[in-house]
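Below: a set of structures, written as structure tokens.
One chain, chain A, links the two complexes that follow: it is found with chain B in the first and with chain C in the second.
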Partner chain A sequence: MQKSVLKNHAKEGAIWGFIVLELIFFGIAGEYMSMTETAFLAPDNMILLLKQSAPLGIIALGMTIVMINGNIDLSVGATFALCAIVMLDSMTWPILAPLGNWAIPFAWGLALMTGMLMGLINGLIVWKTGVDAFIVTLGAMLGFRGLVFMYNGEQPTFHLNWTMVDIAESAPLGIPLPILVFAVCIAVVWWIMNRTVHGRNAYAIGDNREAAVNAGIKVGPHMVWNYVLIGFLAALSSITFYSESGSVNPNDGMLYELWIITAVVLGGTKLTGGRGSIIATVGGILAIQLMRKGLGFIGADTAMVNLVIGSILIAVLYLDRQLNRKGEEELKI
Partner chain B sequence: MSTEQIPALRLENIVKTFPGVRALDGVSFTVMPGEVHALMGENGAGKSTLMKVLGGIHQPNEGQIFIEEQPTVMNSPLDAKAKGVVFIHQELSLADELPVAENVYLGELPRKSFGRVDWSKLHADTDEILKRLNVGFGPKDLVGDLSIANKQMVEIARALTVEAKAVIFDEPTASLTDAEKSVLFEVIEDLKSRGVGIVYISHRMEEIFRISDRVSVLRDGQYRGTLETADTNEDEVTQLMIGRSLDLSRNVQHGELGAVALEVRNLSCGNLYQDISFQVREGEVVGFYGLVGAGRTEIAETLFGLRDPTAGTILLDGKETTIHSPIDAIEAGISLVPEDRKGQGLVLGMNCRDNMTLPQVDDMTAGSFVSDGAEVAIFDQYRDKLEIKTPGWKQLVGNLSGGNQQKIVIGKWLSMHPRVLIVDEPTRGIDVGSKSEIHKLIRELAGQGYAVIVISSEMPEVLHVSDRIIAMFHGRITRTFTSDEVTEDNLVQAISGITPEQGAA
Partner chain C sequence: MADTTLKSVGGFLARQGILVAFAVFMIGFALANERFVDIDNILGVIRSSAILGVMALGVTFVVISGNLDLSVGSMMSFSTIVVLDLHDKIGPELAIPAMFGMTLALGALIGFLVGYLRLNSLIVTLGMLSAIHGLTLTYSGGKNMDIDDKQGTWFGFFGQDEVLGMPVPILIFVLLAAVLTMLLAKTPFGRKVYAVGGNGVAATFSGIPRARTVFFCYIISSFCVATAGLIQASRSLGSQNTVGQGLELEVLAAVILGGASLLGGSGTVIKTVIGVLILGFIQNGLLLIGLEFYFQYVVTWAIIILAVWLDIAVKRGHLWSPIA
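So, the complex of A and B:
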């Protein structure tokens, strides 16, 4: 038994080892290949990296829950954009506009409710129809994006409230607010998944749904709650990002779901459910952001970044497969 | 029945109909406290439907369930458990990635405020149950790391989280070794002594006669009677089950043996098996017997090109042959009827004909299209030869009975004209009546000159069909028996790694 515990620790540690490798590589390569004078590992650069990781990271926490639960959510990118529109546009509504700065909390609340509603819709459809979550949320991805375009056509939606920008750009204790929000989310989601009955049941459902049903776990409601949670987190991510920028394009958030799933899988969460770690997902997000930022730092273009990350994803999963099962015991295909 | 004892569980006149089927037709059944009551019947006799009614998955159309003579309605599996009826499923119903404790209390994790899990209570309670079962693992061990037997113990531990009045064991020994079975039987004895009523479902006669007090038999959804185990015998039970008696005696008919068709010399494959040598002649059935994990299936997979051996040679008709893929194997004349018929042997959503002609569909083309006529001709030929019961070739294989499905797989390979036919677990999940047909078929095939290898975990089956029996233990051949010298005792010794007394044979 000891061996397996060690193996699990080694697996969870792998992503952090990878991050260290990236830091060393870009730290050294940056010295020779960078266009700028600043070092890649400079504290300012690292804090910026964390801040830029927050929007994807917050949603990735939700994706981890949903995937542990044995489902998936492809609609998060569209939800992200939709919540931004609701938040920014609602502040110009006749009912909120006269409130001045007091409109901000209401706008945030509306955005969060929108996210939760989208999650609720996904969850209820997955539960009640029994259609595969991949298909349901693929449909939702198209549908929610449709709502985004219906709102303002191809035009960006913007509303600049300087107080909101100030709040979003604030840095209590010297730490930018998005990082703090991300940190709180990590703590809360970790607690939910590891300390509450809901979280443990989510693992059980993803691991063996039939066993969970037989044991009397209310599988459907648990799944719905997890979709509501990811919807909430997508909205929260949207708030932390758009409160600062104040402008959303109808194409924003596209492909987010794929970056997020990539990060979650890199962190070791099983696509089929039952296994996954919140902390390792954070590692996955940081690894991807480091890769994107690092490659950019040494002068690679976006196309190159995508190629590298795609290759790494497949390589990592191949390694994981080789390490998990003894090659010789597997049948040839 | 004494007046002071009331039944732990009583089913009265249960009727359950599904559209077009009367799955249960007035079944009554009583389990006394401290009794092991075996429930037998062929597949499709209604055992599983009865258990689903009892477990609250189905509601009966008529009839009543009584627990300690109180009329009871079971609303769900959890409800049944709360009312003291606990199931131990054949298919392990566990979450592998979770620790033992969370599996034992699956769905019933103890709670603290804010929906938190009460870990200390969870671990303490689990620990107590595990101590009672006297197992070698703890509450925090990962279930995925446990052996099948220990996983079974986790299932049993679940049953002990409530004060069970009745525990239902559904084919609990399907994947257990003999030593593990003994532990299971001790647990059953322990439950018995605590006054729990036990329903024991199994196909294995020797187990039924070892542990049960009474046997009840279902056939075609109807209750066929209850026998006192002590006063009955296998024949009587079988007759109740299938309405006729069955021949499961030792194989005595030796066919004419021809030349050596297949010879294996010093074959090894990593840790899976080592130093395997044997011969199979034309017209001979060689049985491979051993525990799950002894390496039998892996040898078959190697011969069929699904694994590469790490050492050793395979000779066909005396010529050394290398087999790297199933295509090589088929060309060399080796066919494998795999262990998991539905998973590995058939495409369930395809019809009978297409399944049967699957390996040779490339050769049956007219122009670039598959020739329907040629396919149907092959299907008809083997349907008649193997007496496959199907309304027609268009029937989906998934709708056939297990025995007929197995015949389709066998027909598929016979149509490729193999020299060597390997059959892995020929009758797994096939009901008793069809079993003897498959056995007869295997003997007939040998009679026609095929060299046949039969791998089986069922001793009566191996004894019944084989000319020679190769016993395996931990990846090695421990002994080879001719059908004259084999006895149940020396066979059990050989597969348990007990060295036979020198000169015994």
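So, the complex of A and C:
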């Protein structure tokens, strides 16, 4: 028991070790290969990196919960875009437009409700029909994206409200707002997963659904709540991002789900459910973002970033398997 | 007696639910717009589904073996870019085999990782999606690839020409579907694919080489991807780096619609062809009755879930899931 706890800590630590390695590598390589004068590790650059991690990171928290629960959600990218459209467009509706700046909280509320509604739809279908979550959310990915395109065709949807931009760009205590939102989300989601009955049940369901049913856990409602939560987080991510930019393309958020799943898996969450940690997912997001930004900093292009991240993902999977070789999972042939 | 007849009729409808739904859709569209059943329209739909269809044939093998392949979209971009680039450098006669060789090498790599190293196929192919996209961008330098002399090459044959009145992409699709049906339904290899996907442990204990079988499923998948890339390149004689982006999920949707279970062990090539045709004809039919292009995505969403739900409901005998 003691040993396995230790091992779990070591595994959770691995992602942070990797991040330190990245920081050292890009810190040194940046000195020699960078085009700019500033150092990679300069505080401004690091804060920008955190800020850019926030949109994907917030959704990744939700993905971690859903995956711990033994499900998956491939539709978050489309939900992300849909919420942005609802938020920006609703401010021009006849009901909200006369409110001026007071339209902002309503627009945000509508976006959050849209996200939760999308999550609720996915969750209810997964629960009630018993269709595999992968298929349900794969379908939803197409369906939600269809809704996005039906809203405004291939035109971007935009609405500029300077008050909203000011709020989104504000930096209380010198920390940009998206980072604060991300931090609050981390804290709340961590609390849910580690200190509440719902969190404990989510782990139990992912670990062994049948045992959870036998133990009297209401499996269905827990799954639905987790989908509502990831929908909420996708909407929140959309709000933090689009309040600042004020314009959304119908293609926005495409392939987000793949980046997010990559980050969650790098953080050590099991695809089969039952195991995973919120904090390690944050590590996974930071590792990916560092890699993207670091490689860009030393002059590599998108091509190299894609190549490296893809290879790392497979390498991590291989290493994880090798390290767990004597673990219980290898009993299965 | 009457009761059992009713039951078996119901059972048949449910088992062939996707075919019944397809027929209902077709009849509905045909009544709504007579252009829908026009032979030119039908050939046009099949022709434009051919690229997706050819890829879906290969993915069917992978899915039956109990794995996933999310890398086919970016692999198809890779094949297209490579064959277009090599066309001008070493001529089409050499470019085509060279492209097939490179694509098969990628398939072999995935097959090795999933088959022999037994890594999770979802994550491996997710990683390969990203890595191959990077490879394509590196290869092309991020530029669009075009054939210089578009008039003076016979390379357009695979995508543009007709043989005996049939467009070549359709012929390739049909031929490949026939060969792969034979392979899956009539050969020992095909039975091994089902065995490995149905129950990997039992298959291993029965002496079926699980690793090798999975490996060859990915080889077949990459061969189909290379063929799709060839059709795509030949049709347009020029391409962007992202031509196959997003196709992996549409392909998977077609395979699932055809009734293959993501758990492995079930599905057939013919059913996948039907899945591909359903997607193609519904898209076409919705356009012809005047609905917005993007509405098809919403319809596809509903159809995928309903199809799989129906399948599951019949197997468990209850409409709703028993989960509390």
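The definition used in the following text is that the second predicted complex is superposed on the first by the 325 of 333 C-alpha atoms of A that agree within 3 Å, B and C clash if a C-alpha of one lies under 4 Å from a C-alpha of the other, contacts with A are read in each partner's own complex, and residues count from 1 in each chain.
The definition used in the following text is that a contact is a pair of C-beta atoms (placed from the backbone, for glycine too) under 8 Å apart; a residue touches a chain by one contact, two chains touch by 3 or more.
What you are looking at is a predicted structure, and each value in this text was computed from that prediction instead of being measured.
> Does chain B (first) or chain C (second) touch A:Ala42, or do both, or does neither?
In the superposition, A:Ala42 contacts neither chain B nor chain C.
> Report for A:Ala171: first if it touches chain B alone, second if chain C alone, otherwise both or neither.
Once the two structures are laid over each other on A, A:Ala171 reaches no partner at all.
> Kindly classify A:Arg275 by the partners it touches after superposition: chain B alone (first), chain C alone (second), both, or neither?
Touch status of A:Arg275: first partner only.
> More chain A residues touched by chain B or by chain C?
The partner that reaches more residues of chain A in the superposed model: C.
> In the superposed arrangement, which partner chain does A:Gly143 touch: chain B (first), chain C (second), both, or neither?
The second partner, chain C, only.
> What is the contact status of A:Ile24 with respect to chain B (first) and chain C (second): first, second, both, or neither?
A:Ile24 contacts neither chain B nor chain C.
> For A:Asp132, decide between first (touching chain B), second (touching chain C), both and neither.
In the superposition, A:Asp132 touches chain C alone.
> Under the stated touch criterion, which partner chain does A:Leu99 make contact with: chain B (first), chain C (second), both, or neither?
neither
> Who does A:Leu160 touch here: chain B (first), chain C (second), both, or neither?
Once the two structures are laid over each other on A, A:Leu160 reaches no partner at all.
> Taking the stated contact definition, name every residue in chain A that is touched by chain B in one complex and by chain C in the other, in rising order.
213, 332.
> With touch defined as at the start, can you tell me which chain A residues reach chain B in the complex?
1, 4-5, 8, 195-198, 200-201, 203-204, 207-208, 210-217, 270, 274-275, 328-329, 331-332
> Considering only the defined contacts, which chain C positions touch chain A in the complex?
Per the stated touch rule, the residues are 70, 113, 117-120, 122-124, 126-138, 142, 200-201, 204-205, 245-246, 249-250, 252-253, 256, 262-263, 292-298, 300-302, 304-305, 308-309, 312-313, 316, 320-324.
> Give the list of chain A residues in touch with chain C in this complex.
74, 125, 127-132, 134-136, 138-147, 149-150, 153, 213, 218-220, 254-255, 258, 261-262, 265, 271, 301-314, 317-318, 321, 332-333
> What residues of chain B sit close enough to touch chain A in their complex?
Residue positions touching the partner: 76-79, 81, 87, 89, 93-98, 102, 106-109, 111, 114-117, 137-138, 141-142, 144-145, 269-272, 301, 305-308, 325.
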